[in-house]
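Labels for the chains are A, B, C and D, by order of writing; each one numbers its residues from 1.
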Amino acid sequence: MSYAPISEQLDDPETARESGRKKMDWAKEHMPILESLREGFVADQPFAGEVVGMAMHVEAKTAILAETLAEGGAEVAITGCNPLSTHDDVSAALDAHENVTSYARRGVDDEEYYEAIEAVIAHEPTITVDDGMDMVAAIHEDYPELIDTIVGGCEETTTGVHRLRAMDDDGELRYPVFAVNDTPMKRLFDNVHGTGESVLANLAMTTNLSFAGKTIVVAGYGDCGRGLAKKAAGQNAHVVVTEVEPRRALEAHMEGYEVLPMREAAAEADVIVTTTGNRDVVTEEHFEVMKDGVLLANAGHFDVEVNLDQLSDLATSVTDVRDGVREYQMADGRRLNVLAEGRLVNLAGPISLGHPVEVMDQSFGVQAVCVRELVEAGDEYEAGVHDVPDRLDIEVAEVKLEAEGVEIDDLSDAQAEYMGSWEHGT
Amino acid sequence: MSYAPISEQLDDPETARESGRKKMDWAKEHMPILESLREGFVADQPFAGEVVGMAMHVEAKTAILAETLAEGGAEVAITGCNPLSTHDDVSAALDAHENVTSYARRGVDDEEYYEAIEAVIAHEPTITVDDGMDMVAAIHEDYPELIDTIVGGCEETTTGVHRLRAMDDDGELRYPVFAVNDTPMKRLFDNVHGTGESVLANLAMTTNLSFAGKTIVVAGYGDCGRGLAKKAAGQNAHVVVTEVEPRRALEAHMEGYEVLPMREAAAEADVIVTTTGNRDVVTEEHFEVMKDGVLLANAGHFDVEVNLDQLSDLATSVTDVRDGVREYQMADGRRLNVLAEGRLVNLAGPISLGHPVEVMDQSFGVQAVCVRELVEAGDEYEAGVHDVPDRLDIEVAEVKLEAEGVEIDDLSDAQAEYMGSWEHGT
Amino acid sequence: MSYAPISEQLDDPETARESGRKKMDWAKEHMPILESLREGFVADQPFAGEVVGMAMHVEAKTAILAETLAEGGAEVAITGCNPLSTHDDVSAALDAHENVTSYARRGVDDEEYYEAIEAVIAHEPTITVDDGMDMVAAIHEDYPELIDTIVGGCEETTTGVHRLRAMDDDGELRYPVFAVNDTPMKRLFDNVHGTGESVLANLAMTTNLSFAGKTIVVAGYGDCGRGLAKKAAGQNAHVVVTEVEPRRALEAHMEGYEVLPMREAAAEADVIVTTTGNRDVVTEEHFEVMKDGVLLANAGHFDVEVNLDQLSDLATSVTDVRDGVREYQMADGRRLNVLAEGRLVNLAGPISLGHPVEVMDQSFGVQAVCVRELVEAGDEYEAGVHDVPDRLDIEVAEVKLEAEGVEIDDLSDAQAEYMGSWEHGT
Amino acid sequence: MSYAPISEQLDDPETARESGRKKMDWAKEHMPILESLREGFVADQPFAGEVVGMAMHVEAKTAILAETLAEGGAEVAITGCNPLSTHDDVSAALDAHENVTSYARRGVDDEEYYEAIEAVIAHEPTITVDDGMDMVAAIHEDYPELIDTIVGGCEETTTGVHRLRAMDDDGELRYPVFAVNDTPMKRLFDNVHGTGESVLANLAMTTNLSFAGKTIVVAGYGDCGRGLAKKAAGQNAHVVVTEVEPRRALEAHMEGYEVLPMREAAAEADVIVTTTGNRDVVTEEHFEVMKDGVLLANAGHFDVEVNLDQLSDLATSVTDVRDGVREYQMADGRRLNVLAEGRLVNLAGPISLGHPVEVMDQSFGVQAVCVRELVEAGDEYEAGVHDVPDRLDIEVAEVKLEAEGVEIDDLSDAQAEYMGSWEHGT
């Protein structure tokens, strides 16, 4: 194994471990779902004998998921899914766990990035947990011999699920993968609340600017986009939405937002945030009409939404005017500011901490029960993308409600009968 | 056929027709989707030879749907789906159309209600359009001989679709029915915006009370419930949600609402609105803890959500203190006020006009293209409940966006290729 | 006195009284502040020997104020302050009270309107309670001999206070008048919540249209305008604000609303509501650019905000297309719809009930304690407009909080000392 | 003068200056009001011969105000108004200006803090600009001989104005001071939007927690409190308000928030933020009932709102669990987390940048025109606290609207006449 775990790469791993452990302890305190599941896992050791290979944003919250799986008996090997989102100290603290090996390191180059993925694969995972599908893709492309022993996988993100479904449609996906991203428990909380809040907080703290009275263009009105739009309106921004899907566009319109093509939206924008999961959402024709001082940020998984190559070509100079803010000077005097190099602004910025702890607790709670389900189900799931069964999702919701002290009603038998019947009339 | 069309039942059908026509003209002006579809139907006569049997709320908006189908060549026979929601003048105006026969009359008793349904069935419909499944149920139970010639049906409402799916699960549904209610175009606009806004406006105008500072309990956090909760919060009410499904309960909690079991919610409520589609949501144990002066209203399809039998038994006297408000006097001095007799408060109240015109335009736009789809598809759809195909839903959204003057972006080929691919990486 | 009380004007005063009493009882139930004050007044008879002359919107809520003063020992004479806002049945029920004479009747012409005011003045009021300053103006202009025996007055509305201050600045106001409108207890609740909610509910129920996705132009960003803007946004309207005062315009802009000159706003509007208290806010140049089907409504005190004379001149025909909706047909085919003849849309519409009961309870609570203050204060207040003393306002707030069951903290002595001191440092 | 300017205190002032200048340039770009005023000042030199003594939060935005005054001809001497809010690099960059001397340094102890104030006073200011009244207090207490030559002062903050009014009531304030804090242009933007947004962003980025579904207790419903409450609700928090003033409490209640005494609120809180300007708002009796993991933060000027002495006494141990988060361990196992040592959480936290740039541009625009007014007015203003004249406030609003590209309507002569008249009737 040529690529070394983080502990062997750092000068002072001990100090890093302490710092990382502190971050993990804070996260752990605010992750009641994983804590509740961990208790059961420690007792039952459901993952004994399994190897979990993970490619995720390696920071405190993910570390708690990895640790939770490890304490359930799994051998865990983990690396990052984005070169800028790794916290080295957390990586080191995680690597210190006897059942975990972490290869994640911040700022690796492309070659190292893929070497780290291969280092994880060298552990011969029986289960994969991905955020963006890189692990699944690498195994299918380069290590197909491992597929026979793989029980299944879990995918965290919209983009990853999208790519997996495309792969499945092509008949190329050769083991079962749960679309964790698509469960209500993930989609409605992590995407809507987590992305919205953390993108805004990162923008505010990186720029020291406010949202009141600003025109914020939200590109894409999926779950992330609608969360961001709502939270931005909740900070008194004037929200403009762009979309390509007519029903979503209409939904945004009926919500009271202005809906415009990007060409018109770009000309009005004080801030543009992309959330589409697609490429070339903001391009040359839009750069041309933007106002001086506009802020450009991306909240989608990959850094392809704002076309930075075109922007660089247009710019007469490029300067880092502030930590996390790169200014592109246009020939006509306008200055366009790109945040976090066009990468996920709530993960890759200079003070970024990623999604809030509690929403990740929900997503990772689903991850944890899905990994358990894969192990328990034996051969039940065929190769392909699978929706998370409702009962797992409901289990996680119940754990969370209990942790929050929220009580709800039960359906009476008479009510359940009524809902299952079609014979009652007007 | 003993049951006569409305024109033969009214003393002065001419005056009624004029009044009804005026209401229909107003609605027509604000229904750009149906108007756009009507143009095509008039030209193409897609429904020539078909008989459309409808059981819906017969007021101005529904009348425009019926008229639109009639102008596309259909023979239309229609009656109400709720004894209190019919506007006799609209019914008369509709009945005046050469291709339409309307049997709907306000305030009919149970026997007349079903006679009117049978009168419609006597036209031997080849297509059914229901709001609550009464037409489908009556045909399956009493006129199974018609089923062979029926092309299919459309169902408008949550409750109806719910009952149809139960029927389908039992293997009892013998022709294809589109679940119009479940399309994004219906569910996200009609249920969310239509129900929310019209329930609040009816409550306000019936009681002359305000929402600011009031505690409003919303029973059920489905599409209707979440629309109502959001709109009530938008009028500065303090919103409390009750639910039986953990994920929905959690969603309401994460939205910032208080989530409580009904027993606790009832004790805090100034207003309770039921939106569950289930029975016995508000019962004796809740009546016992309510505050003096509480308002009880139902926004679900049937009048079974508030148990009025139990309430009557508990009351020492019952008085109509106001048009649309019935006061139940409790032995301990508290007064509980029930609106619109526990029926759909936005349809059955004294000044009720039902859902707003524009949201019905969207629902009915989907109805109209679904009827067209049934006719065009021949035998393509098997017996059972069918989701409305996305392309129909998108067609309606595009018509609406165009009518609103909203332009959106198109997906470029490169973008479409990107979204369909799984080979792009970090 | 030639002008007769309502009871002598109606054909069937007894039936009217019963209907009016029912409305008053409903209001009384929801006016805990007046109820609490009434108990004290009945016991103390503070108004014995006083004559209260009132010109207000005579409907159920105002009737409870009049009755409350009457039960405190006052002789009350009352008439309307708007020809269309009187409820004849309530007027009759009020007139039946032994201490009250009511001259208010719906639909009187200009001459009768002023005759009724003079009939009130013939009672030789010692205290005036106005909504729009008509009583004060009539006394100053035509019955100056009464001024010496007048203890003082109360004015309810923004427009009235505005006119009174102008009169005071001219040195023409010859007795003390409390600017009830300007107290936080009135301004922040009645104007903000009462106007906002009731205007929207009236619009919705008169037109059967929805607000979701509509562009609503709010002319004027005073208390009424900002309440309306907020509530409209809370129904998912897209809100555009017009203003003439830069700070208010900036405030609306920072709230996230679009701020435009009326010329541009009118071209985008689906609905325009005026709340400025000024004349000619919507005029010919705006009518010219409006969209087909636009709704025009006024929420200001007088019907001068939309220039209907100009609109009539432009129109090729004028039709009542719906109760409370008058359509002006333009030569180019566009139809402009005016609600409630440009009068206060929440008072003068066909199903209008005015402001919600609870917010009027707050305003009228302040009215009642101000009348008490005038009587108790003797000569303490000089001629001119007076702000309501904070202690009266706070008294009303405390009564309301208690009625709502809301407990709050007390300032400790140490805290009070700290707030009164300037010697504490960093 | 024993206390040295920052440049003489730093090891590497040159590097600090560069870093500070970069921060100032970013701020300058987003402060169009000061930029517009600066142009006039550079041309007119209104402050030639004046010495401006400032005690403010010395970071990038304040630096632009100081620089703007300096470029208008003033000699500026400045220090901090809070030991933790100074940015040394900005202080150094400011000190490099030929007309400015900056004594502000982060982390000074109490003795140094007051030495720095005295160092500023040694410049013999003719105008004072304060944030918290420390400069005014020091001059009145220790350097009364300077008062004769002082033209006047400006005070930025609620707390400072409050203390100045108390001083004025005691007859102790001996020169005129503008209550900049109280202008609509300051109060409605800086307090409402600036505090609200920056407190939430700081909380989010310091803790990595989210607001969705959290119960946030806002202590105090003044401008800061209501801004914070609204913005927190806009992030889907469940907001609870505590107040001591009945009208404000009622306003919060009518807005839809839960209003409770602190004792009950503390037991429900996930987060408590104090905004009262008073002491001992959160004390022992509240610590006793809080939930494990609660977050305590202060947004008021002084660190006296949460009683940390009592908390320390109750705690069995105190640990910094995270940058900016101090955990107090209770004997019963609960952990209470205090942010930023109970100081202004948006100024004193580890990544704090203070209020957003744009809102400070508005406040500081008013500051700048007030300083100009003091110079231009000669002896017009008597000793005491003065409201900022409306025309200055409006001037700033107009500059801002122009910078934002917002056009508004003008009052026509006929409208102005109408508004000034009291003779128009119904």
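Brief remarks follow.
Convention: a residue touches a chain if its C-beta (ideal position, glycine included) is under 8 Å from a C-beta of that chain, and two chains touch if they have at least 3 such contacts.
Which chain is which protein? Per UniProt: A, B, C, D = Adenosylhomocysteinase.
For clarity, every value in this text was computed on a predicted model and none was experimentally measured.
Where chain A touches chain B, the two copies mostly use the same residue numbers: shared numbers make up over half of all numbers in play. When the contact pairs of B-C are matched by residue number against A-D, A-B or A-C, over half are shared only with A-D. Computed from the mean C-alpha positions, the centre of chain A lies at a distance of 37 Å from the centre of chain D. Rounded to whole angstrom, the centroid-to-centroid distance between chain C and chain D, based on C-alpha atoms, equals 38 Å. Centres computed as Cα averages put chain B at a distance of 53 Å from chain D. Residue positions of chain D touching 2 or more other chains: 189, 193, 212-213, 233, 236, 253-254, 404. By the touch criterion stated above, chain A contacts chain D in their complex at residues 22-23, 25-27, 29-30, 60-61, 189, 193-194, 197-198, 200-202, 204-205, 207-213, 231, 233-236, 293, 321-322, 325, 335, 351, 353-359, 404. Residues 81-83, 113, 132-134, 137, 162-164, 166-167, 170, 172, 184-185, 188-189, 193, 242-247, 249-251, 253-254, 259-262, 264, 277-280, 302, 304, 393-394, 397-398, 400-401, 404, 406-412, 414-415, 418-426 of chain A are the ones touching chain B in the complex.
Considering their complex, residues 212-213, 233, 236-239, 253-258 of chain B touch chain D.
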